[in-house]
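Same chain, two partners: chain A is paired with chain B first, then with chain C.
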Partner chain A sequence: MNETPDPGPRTPDILLSLENVDAGYGPIRALHGITLNVRAGEIVTLIGANGAGKTTTLLCCSGIVTPTSGAIRFAGQAIHGQPAHAIVRHGIAQVPEGRKIFPRLSVLENLRLGAFTRSDPTEIAASIDHAFTLFPILAERRHQAGGTLSGGEQQMLAIGRALMSKPRVLLMDEPSMGVAPLLVLKIFETIRTLNREGLSVLLVEQNARLALKLAHRGYVIETGRIVMEDDAKRLLADPKVQEAYLGE
Partner chain B sequence: MSTWEIILQLLITGLANGLIIALIALGYTMVYGIVELINFAHGDVMMLGCFLALTIVGLLGGEVAAPWLAIGLMLLLVPPFCAALNWMIDRHVYRPLRNAPKLTVLVSAIGVSFVCVNLGMFWGGLPMEVFGGGAQAASAKSFPDLLGYHNLLGNDAVVQLTSKEVMVAVITVPLMILLTWFVSRTRLGTAMRAVAQNPTAAQLMGIDTNRVVGLTFIIGGALAGVASVVAALYTTSISFQMGYRNGLDAFTAAVLGGIGNLPGAVLGALCIGLARAVMEGWVPNGGQWSNTVVFGVLILVLVFRPTGILGSRVREKV
Partner chain C sequence: MIPSVLSVASVASVASVARLSAFLLVALLPAIDLLLPTTWKFASLVPAIMVYAIIGLGLNLITGFTGLFNLGSAAFMAIGAYTFAILTCPIYPFQIGFFPGLLAATAMGGIAGLLLSLPVMRLRGDYVAIVTLGFGEIVQDVLKNLDAVTKGTQGLNPVAVPAMPGVSFSVGNYVPWYYLYLVLLIAVVWLCHNLRYSRLGRSWVAVREDELAARSMGLPTPWIKQIAFALGSALCATGGAMFASLAGTSIEPGFYDFQQSVIILCIVIVGGMGNITGVLLGACIMVGFNSIVLTKLTEMMSRNGWTGDNVLASPGNWKFMLYGIALILMMRLRPKGLLPAKEVPAELRYRDRDRDRDKAPAGAN
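Right, the complex of A and B next:
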């Protein structure tokens, strides 16, 4: 591994940070100087309209999209420019938009792939048991093809699969999308439990009210720029946020 | 020959042909499954494997002094050669075009095919005894009949089952079983299926998709290499144009079985092998029409069932 010297500022408890990140797709620029951070043990939410750049921000953190400028650091180490498969090994996992379950692999195979970066079979088996404890329905469906699960079950599988790499920070993209309301509550409750066990979370959500109720802090993104940053409670009470994102 | 004897004979010839086609078809279908590219150079990689096999026989002094040694040596050297060639083609031609429009890659594949065909013609013109001393580069070369003619059913039997057919089955069937085990049971095989189903999600799992794609080309190339040795021994004739016919058969087999589907490729190949056997061994003057039949099958499948026999997908919920 080639250790990049780290000239930027460091705060000890900041786990994941984006500093002035620009990114885009071909000639289209999706992010303009995004700066945000996630501290150890925090749930941070990124809210904003469709196309504001929420998903691109998460894809940059995972290395699927490479920033054109700016820096992304994880535990102080620069990770921007590294390929996606290498970033997972640092302890960053993602529950991607639309879940991206492997449709023709079984639930068990999907989970095992989540542990692709790990090698100890006993520890992997323990992680699978943990996923089954969090989401018992997955245990019932373990031999079923991922593509045959309901939207909510697929979301649970996507979360379970992401946890299989033993991440320190979990990036979640729209976990409520296409999921029945009762299951959404169950999934958000699980995120809270995982966070209490020490997992840091960066959560992107359309359902801003639900996200801000769960999160410690929040950022508001508009057309590729961070326009607000505050405690989640204060954002929830902010008239501008209420008008634009909470439908009041 | 009674009707039953004719049917039995066609089955034996057809299945032996089909098993060879299957090894090539597996390479087509695996590569398509993972990068959605029809690797038109695949049949020509197999053709170059045949030329390496003939070169090896030539260097050993031709003829049948120690046939099993020669066969063993070919099986040891030709598959790695084809695997390396296929890997290089992907690494230096297809991989730089991974994000280019599909048509660009497809045309490049046709270009690679032309390059390979010309390499084959050049190779056949080398001044070696087995190539006819370089007299006619483009002419078909006869491959020494290392296994000879030996009817296992007895010299008086009407139906012929020779040691060649047995050799084809003994080499190809275990390879297919091994491949099925690898793809369905091992960690790397599961990673291959994951990359085929969703490359982005596979990267998020920590899978290096470039390496998995490279591995797919290596496995496909190695199978084509084995197919080239088996085909050369079975048909005892090779030519720089043989990649075209073998590629056509294998490609049609892969489409017939459902492109991207491994058991489908084998099933499709057995069907094509049998169809060729019927045309060449039973229909009067059918040999002239057997290419037409294969093309016809390809067109019918593409029109009426583009997903092939086994290609129906699991319904994916969005």
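Right, the complex of A and C next:
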């Protein structure tokens, strides 16, 4: 009689979850029942071949692609079907594939646009300072047009811009694409720093080795289905993963 | 160090001297005009340029800043002109006068722009152009066929002229128009400049640069495009009402045709899309050529007896050929407009403002 009541499935620390998500483009189905979750304070990586559905999964989370079925929850609240601009306000920010900074706006204007959902000027100024602390090169180039930055600097700008909305989860799509190797390391180092500050990250990355070294957990996606899910360390040691994605 | 500082200083002073002299020239033009021989006087034609500059600035919000290709700007000019005419023409009971009429025309243009933006906001690129092109044709036909209200092809006249104590606005005396319209133009330039560097203006440019990225930054892009459309159309309507007042009539529906839209678009393109100074320059070139150079050329040719049955004897007959050649040369030689380095001067000015703004919170703490 003095049993504690059953708390049910223990999920309070799950921040972002996808449950059986189907999505596609017109008649083409890209995702077949994707289920994955990101817990608070975690870096989760999604690895897979080109066209496996990695980017589509992220676009579903950010609302750019609307799932045809299934549920996406953020902090317990269903967000699927909401428009992208509303989802940002919940605390989900995206660093899009290919960076997609605004090339003819200055670095500072790019950052200010990232803070579109916020209104307090002092807090926004503090976030700009934070971005400049993370990436001092952006402070140096603050009045330069975004399009004149190098690939790596643009990636930093894209990350800085995404952080301006004060997200709780950062969706990152191929942050190493088109970036010089040294800068890739610097960017991954920054992701780790941000994560220690409490940010959760869902990372899609071609460079599976680097991604699995950084992440706490990983999912492997093949033709729109999750085929493996494990600790990042165990995935890194898994012979199948090594053969298919790590080139060993 | 020293030479670069010197060159920066001299560039700045050259720019400010140029700006000051341009301002003085515009402010004193009616006086200077008095000194010119009768055949060379042209200041009376300048208020029309100012009107087109306002219309161009309106289209610039839509096409230049936000990147929506609008081929129906003349329709909004017409909406402004006819709203103004209906509300001020003595044949109707309203007769609310110039300034209320101008405000009403602006509001009507904004409402029409907002309505048109409903189907447009989901479209991109060429499709926006097609919808606005169709809208332009519809407005012309409606005005032409709604005889009972618009008097069809006759147009509505007379319409109100500005009424200000101690100043008489009449067809014969352009000077009051000149200064009133100059003040209105300066107000619109000030408005557009502040809009561009506001949160809204940044959002417009972001939508133009990359709509998907803008959405994933939390920008409600349909709404942002709608605001651009409504504000830009409102300014086009303001210009239409000002033009009607200047002309003394709503003119006739056929005046607001596709060619008119193209001329307005050229004003925006020739100067450099998205650049306010460029739009002013574009208005001077496009309308100045049409209403000053061609007019003077025609006068000169008829004085010298160069008229006749030859179609080439009338410069008005080959102006569109000249426009065409000019546009082809522009696209070939300066595809980004006459003032293509638009972001650079904007940034230089912005830099000082930002520095102050960045310092302000630090000082406040």
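Here are some notes:
Going forward, the second predicted complex is superposed on the first by the 238 of 248 C-alpha atoms of A that agree within 3 Å, B and C clash if a C-alpha of one lies under 4 Å from a C-alpha of the other, contacts with A are read in each partner's own complex, and residues count from 1 in each chain.
Following the convention adopted for this analysis, a contact is a pair of C-beta atoms (placed from the backbone, for glycine too) under 8 Å apart; a residue touches a chain by one contact, two chains touch by 3 or more.
No experiment lies behind these values; they were computed from the predicted model shown.
Of the two partner chains placed around the shared chain by superposition, chain C is the only one that A:Leu108 touches, whereas chain B remains out of contact.
In the superposed model, A:Gln154 lies in contact with chain B only, and not with chain C.
Of the two partner chains, chain C is the only one touched by A:His143; chain B is not.
Contact with chain C, but none with chain B, is seen for A:Pro121 once the two complexes are overlaid on the shared chain.
Contacts of A:Gly76 after superposition: neither chain B nor chain C is touched. In the superposition on chain A, A:Arg89 makes contact with both chain B and chain C.
In the overlay built on the shared chain, the residue A:Gly178 is in contact with chain B alone; chain C does not reach it.
Once the two complexes are overlaid on the shared chain, A:Ser165 sits against chain B and chain C alike. Touched by chain B in one complex and by chain C in the other are residues 62, 64, 83-85, 88-89, 93-94, 96, 100-105, 109, 112-114, 116-117, 145, 161-162, 165 of chain A.
On the chain B side of its complex with chain A, the touching residues are 187, 190-191, 193-194, 197-198, 200-209, 313-318.
The touching residues of chain A, counted against chain B in their complex, run 62-64, 83-86, 88-89, 93-94, 96, 98, 100-105, 109, 112-114, 116-117, 145, 147-151, 154, 161-162, 165, 178. Across the complex, chain C meets chain A through its residues 199, 202-203, 205-206, 209-210, 212-221, 343, 347, 350-351, 354, 358, 361.
Across the interface of their complex, chain C is touched by residues 62, 64, 83-85, 88-89, 93-94, 96, 100-106, 108-109, 112-114, 116-117, 121-122, 125, 142-143, 145, 161-162, 165 of chain A.
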